[in-house]
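Same chain, two partners: chain A is paired with chain B first, then with chain C.
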Partner chain A sequence: MGYFLTQLARLAENVGLAIGSHLTIAVGNIFFLGGSTMFCFGAYAVAISQKAGLDPWLSAVVAVLCSIVFSFLFVLAYIKLSNDSFTVFTLSSMLAFEALVKSWDSVTGGVLGIAGIMRPEGMTKLKELVIFQIVIMIILLIVEYVILKTFIGRSLLGMRESKYFVESLGTSTRLIGGIAIVICSVMAAIAGVTTVWRVQFLDASFGSVTLLVLTVTIAVLAAKPKIRWLMLSAIFVTFLPEVFRFLPIPSIMIGHLRIFMYSVMLIIVLLTISKKLMPQKRFI
Partner chain B sequence: MPKEILEIENVSVKFGDAMILKNISFSVNEKEIVGIIGPNGCGKTTLLNAISGFVPLESGTISYNGQDIMDLPPYKRAQLGIGRSFQHAGIFRDLSVEDNIVIGLEKAEKYPWYWMFTPKFRKKADHTVKESLEEVDLLAHRKSLAGILSGGQIRLLELARLKLFHGNILLIDEPTAGVAPVLRTQLATIIRKLNREHGFAIVVIEHNLKFLFDLVDKVVVLVDGEKYMEGKPEEIQKDKRLQEIYFGGSV
Partner chain C sequence: MFFLQILLNSLVVGTQVVLLAVPLYLVYSSSKIFHLGLGATGISAAYALWYGLKAGWSLPMAIMVALICAVILGTLSFALLEKLAKKKEHLFGLLVSFSFGLCLEAIIAIIFGTDGKFFLTTPLPTIRFSDLYLTFPGIATLIAGLILSVLFLVVVAKTPWGRKMKAVSENSYLLDSLSFNAATVRLFVLVVASVLAGFVGIMTTLNSTLIPNAGFNLIVLAFIALLVGGVNSLKGTILSAYIVVLIPELIVGLSSGEYSVSLSWKMVIVFVVAAIFLTWKPNGLLTRKARVE
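And then the complex of A and B:
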């Protein structure tokens, strides 16, 4: 029972983490790779707030508010940098965050991390927490669905083809891109909060390259700007590596095999459907 | 005396070391249709891009309704009322035909972000979309992806969206490019309607001279990035030197 609950929790967490990346990468073609940084940020913010004596719920609110403020750093980079530089910036943000977490011992616990993170009242049992995570996942999916139905969604889809065309209609592509980045960051931070409540422990390896590859794989595999594709992709990516558990492979190898599988999937997807993911840019 | 709404003064544009436009000046009056012609590579599209704010100026000024718009980004110029269509049609091929109208409509009419979820706005939008698509014979393709339309239908869709634009001037780049002759008359009718019924001044680039001369009040001729001449279509057609150096003998 515990195994299935954990898998369900992982699915909810992965979906939460990937929705934002789906919105930015698959819908808007904005290669924002800071989702995993924001996932860690949310987790650390909730853990540090709790360490400072805040109630778990209040610490979650603090984490989400802080993530909104922190996401403006990415928005600023999006406005100031070219597309390629922005992608590299968001990628390096994860390394910078990891270095900060490792070196700021007094607040983050350094390499030892923070243990004993409390779950909110009423969710002390895994089953209760998983139900809550699934509810959060559904809410986040509804939020993305609503966004796709509004001018933000349409403009993001338009930006895939040409920023010029969108601007010519009187819409600021910087504003739309900025909104997408803030939404992506907040969703990833929420996923980070619920994940750290489940594992109740946090260290610098919490948001590693594995997490980034997993997120991008889900977003890229979804390819189409449709919620059902995102869900299918998340289910596939979350559960596929579980087959390793039933094979005679040493448990220490499973983690490496999982990241290897994600990477191979990512390469195959990019080679086969890159045109769908990155439609040909049209110039004026 | 007609009111001047767009004034271009000594506009120069440079890409690297190449001077693409050199000291171009002309003006557009209210409800006037101005045609821009010239050989390929003479800077016609660059001129429209400069007016829309997509390329920076090396020197010169552009004012719209007496306001200097040089420092405004493209979307602000569009918000002020400068509409634009593109050489390769500014239609989003991955959106449905309906959404291509809606994306222009919701911006032009300043619908609230949640309008899709309110019956009042949905009804209003539905009516406008239906009316716009009916006018260009695209109602049957309402739910199809715009990418499957023919070149001519894409042009018609772009003009249907421009019709909903709230502004005073439209910059239209090669409306008949890739369009079958049978659709050209329909395009001309719509452009005239945009001018006469909706009150837009129009700046249009076109290679099809018959189409252009029948449509415009004034023509600006560009050659090698410079303004060669400006005048009424009949004056332009009579210019012997122009016929020799540009039209290869006769218009």
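And then the complex of A and C:
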């Protein structure tokens, strides 16, 4: 039972993290790779707030507010840098954040991390927490659905076709891109908060490269700006490496095999279905 | 004297970053793709050398195997990136190269494990200049860095090869019509870049431990140097590689007492320095404003 609950929780966390990437990468064609940094940021913000004596709920609110503020750094980079530079800049933010977390040990616990993070009242059992995570996942999916139906979603889809076209309609692509990045960051931070409540421990390796590749794979595999595609993609990517658990493979290798599988999957997906992500290349 | 030693050490690390930023620049110039798999390629070559030496092969034989490994990985990168470079899908190229690097790291970790490996069990041979000292790989890196930087500056700016390389990224079909094979140019650049990355991978890990993800930090540093220097300026890239290394090294090395900054802050400082430079000069240190036609 514990195994299935953990898998459900992982699915909910991955979806929460991937929704933002789906909105930026698959919908808006903004290659924002700072999702795992924000995931880690949200988790640390909630853990540090709790360490400072705040209630778990209040610390979650603080974490979300802090993530909004922190995400403006990425918005600034988005405005200042070219597309590919922005992508690698957001990617390298993961390294910088990891270094910051390891170095600032008086606040973050350094390499030892922070243990004993408390779950909110009413969610002390895993089952209750998983139900809460699934509810959060559904809410986030609804939020994305609503966003896709609004002016922001339409503008993001328009940006995928042509930025100049969207600009010509009097919409600032910087503003829309910035909003998408903030939304993505907040969603990743929320996923980080719920994850840290589940694992109740935090160290510098929390928002790892594996998580980043997993998120991008889900977002790219979903390809179309549809919620059901995102959900299917998340289920497929989350549960596929579980096959390794039933094979006679040393447990130390499973993590590397998972990274290998995600990377190969991402390469195949990018080389085969990339056309679906680039509709401006269509010839009519 | 302490300051000079920091300066000398930073010069070596800066040259390592230059030697990785230059291939990054070359690949970008020929395909407009940031090849983030170059770090892992370099580390793979270093592992090939380590394996050869551990298996009891002679040094030239082990170097040859490392070289072949780098060439094969360069060719593999070409096979993966060529289609995307042709279609000008540069961001997908970036993601593919990043995934390619992760793939290599995972394969290395599965085969060799994640524990640190050492080329030498004895202290590295050093050369002294009065009170200053440098390790042998450090001197080799400095000399190679100096020669290759000058060579590539000349090749890129003054020779037909450099012009051809830039032309390939602009319009490969037009270049094809002039009977130049754009794919061959890109293949050549990727193989050269992989061999250079292999050299950096070996020189870096001679000084420290060999671990599967050692290349990732280095490639990110090289990329930041490229970004700060300007993606279209080799001179700027070389200059900024030293700047992004020197500033954190000086801050860490010269801080003391209550305001002492530990070595682990280095990457944070690099990121802050890069952010400041990019806010001040988003197009690069030495990039001039060009007329838009």
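Definition applied: the second predicted complex is superposed on the first by the 278 of 284 C-alpha atoms of A that agree within 3 Å, B and C clash if a C-alpha of one lies under 4 Å from a C-alpha of the other, contacts with A are read in each partner's own complex, and residues count from 1 in each chain.
Throughout what follows, a residue touches a chain if its C-beta (ideal position, glycine included) is under 8 Å from a C-beta of that chain, and two chains touch if they have at least 3 such contacts.
For clarity, every value in this text was computed on a predicted model and none was experimentally measured.
Undergrad: Once the structures are superposed on A, label A:Leu81 by its partner contacts, choosing first (chain B), second (chain C), both or neither.
TA: Second partner only, chain C.
Undergrad: A:Arg160 contacts which: chain B (first), chain C (second), both, neither?
TA: first
Undergrad: Does chain B (first) or chain C (second) touch A:Ser168, or do both, or does neither?
TA: After superposing on A, A:Ser168 lies in contact with chain B but is clear of chain C.
Undergrad: Using the superposition on chain A described above, determine whether A:Met1 touches chain B (first), chain C (second), both, or neither.
TA: Touch partners of A:Met1: none, neither chain B nor chain C.
Undergrad: Going by the contact rule set out at the top, does A:Leu247 touch chain B (first), chain C (second), both, or neither?
TA: neither
Undergrad: Quick check for you: in the superposed arrangement, does A:Thr150 touch first (chain B), second (chain C), both or neither?
TA: Only chain B is touched by A:Thr150; chain C is not.
Undergrad: For the three-chain arrangement built by superposition, which of chain B and chain C touches the greater number of chain A residues?
TA: C
Undergrad: What residues of chain A sit close enough to touch chain C in their complex?
TA: Residue list for chain A touching chain C: 31, 73, 76-77, 80-85, 87-89, 91-93, 95-96, 98-100, 102-103, 209, 213, 216, 220, 253, 256-257, 259-260, 262-264, 266-267, 270-271, 274, 277-278, 281.
Undergrad: Mind listing the chain B positions that touch chain A in their complex?
TA: 45, 49, 52, 54, 73-75, 78-79, 83-84, 86-88, 90-95, 99, 102-104, 106-108, 111, 113-114, 116-117
Undergrad: Which of the residues in chain A come into contact with chain B in the complex?
TA: Checking each residue of chain A against chain B gives 146, 149-152, 154-155, 157-158, 160-162, 164-173, 279, 282-284.
Undergrad: Within the complex, which stretch of chain C touches chain A?
TA: 32, 34, 36, 80, 83-84, 87, 89-92, 94-96, 98-100, 102-103, 105-107, 109-110, 216-217, 220, 223-224, 227, 231, 262, 264-268, 270-271, 274-275, 278-279, 282
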